[in-house]
Amino acid sequence: MSIRRKVVVHVAAVVLAAWTLIPLVWVAIVSITPPNEFASRPLRFWPKVPDLTNYPRLLGREATSPSGKVLEPSGHSSLIVHGLINSAEVAVVVTAISLIVCVPAAYALARLNLRWREAGLLTIIATRALPPIATTIPFFALFSSLGLSGTRTGLVITHLTITVPLLVWIGTSFFASLPAGLERMARVDGCSRFRAVTKVVVPASGPSITAMAVIAFLTSWNEFTFALIFNTGSTAQTFPPALASMFFQVSVPTEVAAATCLGLLPPLLLAAVFQRYIRRVNFVGIQ
Amino acid sequence: MTSTATVAPPHTPSTTPRARFSSRISTNRFGLLLVAPVVLLTVVIVIYPVAYSLWISLTSSNPITGRSRFVGLENYATALGSGEFWRTLTLTLFYVVCVTVMGTVVALGSALLLREKFLGRRVLMALIVLPWALSTYAAAVVFRYVYSPQFGFSAAVSERLGLDPSNILAQGSVIPALALVHAWQFAPLGAYFLLATLQMIPEDLYKLAKVDGVRLMGRFRYVTLPYIRLPMAIFLVLIGGQAATAFDLIYFLTSGGPGGSSRTLSFFIYEETFQNQRLGSGAAMSWILLVVVVALTVGYYKVALRVGNRDMKEET
Amino acid sequence: MSETTLQTQSVAIHVRKVLKRYGSSDKPALNEVSLEVPPGELLAVLGPSGSGKTTMLNVLAGLEQVEAGHVLFGDEDVTALQPEQRGVGVVFQSSMLYPHLSLRDSISFAPRIAKVPKQEISRRIEEVTNWLNIGHLLGRRPGEVSGGERQRAAIAKALVTQPRLLLMDEPFSAVDAQLRRQLRTELVKLHRRIGTTTIFVTHDQEEAMAIADRVAVMRDGELVQVGTPLELYRSPVNSWLADFVSIQPLNHFDAHVDEADRLVLLDGTLTVEGARLPRGSRVAVGVRPEHITMRPEPAATTWRILTQEMLGSVVKYVVRDTNGHEITTVTTADEMLAPDQPVELRVDRGRCMVFDAQTGKAFASASAQEASGVS
Amino acid sequence: MELTRRSFVKRMSFAALAAGVGGPVLAACAGPDKGAAAGGAVLKAPASGTGTMNMRIWGAYPEFVKERAREFTDSYGTKVDLGVVAGDYPSIIQTQLRQNQKLDLFYGLGHLPKGWNTAGWLHDYERFWNKDKAEAEMLPVVRDALTIDGKLIGLPYFAFVNGALFANKQVLATAGLDSWPTTYDELYAQVRKVKKSGASDTPYLPSFWSAPYYGIPFGFVQEAMNRGMPMFGAGGKPEFDENSGGVVDMLGQWRDLYSENLVPKGVLTFQESDWIETFAAGGIAYSPQLQYDLRTFNDPAKSKSAGQFVAVPQQGQKWGMMHMGIYLTGNNGQSDEDLAQAYSMAEYFGYRDRKSGEFVVPTKWAAENNLTQGYAEVNNSPTVEKAVRAWLPDADEQWPILKDYMADPQYAKGLYHTDWALEWVSEASRQLPQAVNGDADIKKVVRTLREKAEKLIEEYGE
């Protein structure tokens, strides 16, 4: 590689890193800016006295500010803490159900040469073209009669409408890429059809299934529209509407920034840890 | 024969236990059994509600008085006859174009870069996943801190450069500004996706092109592009569909403003169904949007596949 | 010698009128095929691609359900049994091991499923892997060992289940020629040692002839011939098979029987004495290159050497007659004859394979045997 | 098509599914099926608190409400499940009411309860044991606002002036201004002077132009009313039009403010937190704000120009209008006992503590957060005055000004007491910004808004 090319490539790498990170880092910086330094003129890129108190305060603890003042827990702490807990619960249940339902289906669609395979996959993928707001309309009516509005169960159901088609889609392409004949070997090794799936195909697809799980978790954790419409203000409120309640209200922007960081940390960590698996996602899936 | 130590008892039909259920049924039935939960779930929580929303779109009901009546295609006619609907549809298409262009440029640029060797490549490869891990709502919250003329990063930078912090979310620039957030959030997926394809292009092809005296842009046009056209098409369909149905980004950053400058069809539907609670006309507009998105997707897919196939044929 | 403690079994395999069709296809993949395999035999199923040989293997393993007919292991009818109930060991063509497991876990997978006690599994693994010389690789994954080691591990995996029947689906197709020959020899030795009935599917006739006790040749879903390599070599039932099992391409001739009971080949430039066929009959004759005796004869006028090719222990010559007909001969590499060398050719009746001119079927093997007796 | 066994089974399962899920759905979609919950004798205050009450509030000061809820539980035994809602509050709550979520006590704004009551989603307070006493103590404007169809619909959560005109003394001093504006025209003239003087680049922050639904429509209605322009008559009949000057001229002035860059950039997409932050950051001369936020602006922890923010006196010109928060009770078919529990909680939060007889929560609201209440006794109490004077700049001058704001504010009853106020407000929040930023012709916007009201009257009046 010529020197010139080397320089160009490294500069481009720095630009890409900056483009990716600056928005995130800036929110983190705002979250540790003390209120009296916030929005100072001219704007500072780093606070003179970093102030981490927003975090313990949002998690419901008292905190001592850099100036030694003892600050009460944030008024939004229960909102945020409950939101985080609910989000985690809902996301875990959604992930579990999605995997239980989608792994066998994706496996079957990818490897069993079913009749109606194409039609099934196309239907599933077509549902992805629905605007999320459009699916809320029928649920609007459904939930009132079933009493599911404002419950975690209801939210899990709505999240499944997104994760199930998505996971079947990407799962199908995952399983299609498994070595041929794996199940035949399992069969002669003494597995029934079903055990061949559970004992061989699933373990052999560890990374793929991990990627599916991560994607299901992220999708649920980040889901906003259903959570806003059905669960805002309820005890089953997840993090996104809780953050929205702070965002749209008289909150100190630095505190909102800290809340944002708290809510974004789990997906960011998860994605960073499992990014090697996520990279395997292949959307070509169907031909 | 040398192995005579012992001989296992012969298998006889009477000692062979019955095969497990999953083995006894035909492959097709076993497959249907595995697919059944998804089919059932999809029917109950996706197909049925969607079909139900089709029914809703043929009705008109008042949220307060509770009066509801069947109106046939009136909601569709009203939507298609209203200037506001066409305005939001046009805005949606503009938004989709902005998002796809920006998203593709960033994704392709990242992929081309990540194919090179440089210091910290592995780290960067892992880093770029981060925006993707957020949804558009979270990206919107994050970019509020970038765009704000009062305390945003962009304001801080422009101040340092001696410029007047401009209002990025103003009439003229709001759609590209929102599209940028969308592209920021969605491009990593495209980058990974394209990179996987780029890495399959044989290095020899580039050498050959070099020997033939093809310049950098030419090498991109004649070597790289034919390979990535199909994955690129798929990425464009994905990001385009995402953009067409995006709502939370707009909800958080502009609420459709200023003055309706960012009221895309998806947000318009939100206003109609949720703020006004006019489920009928909201559902009708959703269906129109769905048809538009599906038609564009299918049309685009077909074109892309044809072009892709043609390229591949030229190759061989 | 009894260092083997692995409990091996050898059952007779009976395949009776098995019919198998895929989907709605009219042409059956197996068209009422019957096959008898005595206990302990190493049978090669040989055929070109699409001949139904892999289907046959799948039917034996239980991976495919048959439409009609029966499969018996010994006197047990296993037709309706699922693969997991049949007690067969299979070495597949590709992905012979579980990619996500270490060799040890792959090999012990089936006995673990069968709930064989742990100690017993270890004992068997130790024994089998010692035979195959892969004991030191057990901790690795398939991606971390060489192709040959993968093959050996796959065989070990098939053996630890102590199968009644060992099935192998072109197991050596993915390795290079030299290693393939080596593995073949090892397989034969191993089979001698364990004596399990083994059915080996291949499209490589050389491989089939080299290792098998008997070879079953398949074509278009039918069994063409089952016999020892020598039988196939010497008495193929038709000209297609004769071609298919020969290493060097056959010389084919249209021939007729003349008044002197001679087979007249190539407009008479080559004749074979003692046809023992009705006068005037028209037949197809196939002669293997190695069965044409060639002798340098400066005075000969009909045949001259066109090209020669050194093939190691033998030399292949293409010889041309005055009419421009060419035939191929192979002789031992004692001497090299130069091109243009006039030669004399002789073909014994016993070396001729005579087929019906229309159907390509061999004439009754009795006459062939008689013929060979004469030579 | 032949009806094979398979296809028959398939059809049957679809039918079963449709019947199982579809039945209730269709029933639910038919609209409100409960009649208005009315009638019945006046209830007795419950002897003890039981069960759990669902409470939903707007996102302002959630920690304050949480603390009061804890005190209520300690004192009365009733547990409180408190939910905080912000953003599209009316739509979110209306959705939950429609979906029959259990809402025992929840916050509503003045323009909401009329329609909700018509739909049968609310329990009125006619059976509340202290109804007459509470009504007697309310400010007249508050009592009027809370009386819907002749019935008391709830108890006051707060009552303050929305769009109270605040000034930043520092900026005015720099610009050399020393007299308060007495009309909107004077206000806008001063704003231009400030900009000219260089004291501020964007001297005016019309906080009510911003993105939320309670932004620009409220600003529009309040400025029109304060300028004496008729807006809505009886039954919500629109009394404005595009031909007679009035609101058209007013919007023209707004358009000028915007195009002359007298207002901060991005104001049309501001959220509430943005407009508070922007004013608190200094550099703005005048801004109509929520009255109670005067405390926020003068809080050094939240504001860089604390001590500089004062309310502009109403000298013949009213600024802003009455803004009402209301404790409402949902009608989910609850028993009289449960209703009494809801009343009991409403009484504690929105009236007097039954045990002490004092205005406990309202007084704390007013004293701690400057959130004025629907009762003169609370707003003028020594506790509150003392608390407010503690932080209020120029307290001797400012305290009477603040009291004056609450003396006789305008209230947009003509609009608010319609079944369709929410819908009109939504439409206005979309139309008006386009008039301000020049996307749409002002006259056309005004006509659209009038026609919208007429159409809604027709539809709801059917």
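In order of appearance the chains are A, B, C and D, and numbering begins at 1 in each one.
Everything that follows uses one rule, which is that a residue touches a chain if its C-beta (ideal position, glycine included) is under 8 Å from a C-beta of that chain, and two chains touch if they have at least 3 such contacts.
This one's a predicted model, so the numbers in the text were calculated from it and none came from an experiment.
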_Steps needed, at minimum, to go from chain A to chain C via contacts_ = 1
*Based on C-beta pairs in contact, work out which chain pair has the most and send it over.*
A-B
*Go ahead and note the Å separation of the Cα centroids belonging to chain A and chain D.*
34
*Quick one: chain B and chain C, Cα centre-to-centre, how many Å?*
55
*asked:* Using Cα averages as centroids, what's the distance between chain B and chain D in whole Å?
replied: 38
*Just how far, in Å, is the C-alpha centre of chain D from the one of chain C?*
90
*Out of chain D, which residues touch more than one other chain, so two or more?*
21, 25, 29, 88, 95, 98, 212, 277, 281
*What positions in chain C touch 2 or more of the other chains?*
82-84
_Multi-partner residues of chain A (each touching 2 or more other chains)_ = 39, 138, 140-142, 187, 192, 195, 228-229, 244, 247, 253, 256
*Treating touching as the only link between chains, describe the layout with one word: line, ring, star, complete or other.*
other
*Those chain pairs that satisfy the touch definition*: A-B, A-C, A-D, B-C, B-D
*Of all residues in chain A, which touch chain B in the complex?*
1, 6, 9-10, 12-13, 16-17, 19-24, 26-27, 30, 38-39, 41-45, 100-102, 104-105, 107-109, 112-115, 120, 123-124, 126-142, 157-158, 160-161, 164-165, 168, 187, 192-195, 197, 218-219, 222-225, 228-229, 240, 243-244, 247, 253, 256-257, 260, 263-264, 267-268, 270-272, 275, 278-279, 281-284
*For the chain B and chain C complex, residues of the former touching the latter*: 1-8, 10-13, 16-17, 19-20, 23-24, 26
*Spell out the residues on chain B that touch chain D in their complex, using ranges where they run on.*
43-44, 48, 52, 56, 61-68, 148-151, 165-167, 169-171, 174, 253-261, 263, 271, 274-277, 279
*Please give the residue numbers of chain D that touch chain B in the complex, ascending.*
17-18, 21-22, 25, 29-33, 88, 91, 94-95, 98, 115-116, 118-119, 211-213, 264-266, 268-269, 274, 277-278, 281, 419-420, 423, 426-427, 430, 433-437, 439-440, 459-460, 462
*asked:* Per the contact definition, I'd like the list of chain A residues that touch chain D in the complex.
replied: 35-36, 39-40, 72-79, 138, 140-147, 149-150, 228-230, 232-235, 237, 241-242, 244-253, 256
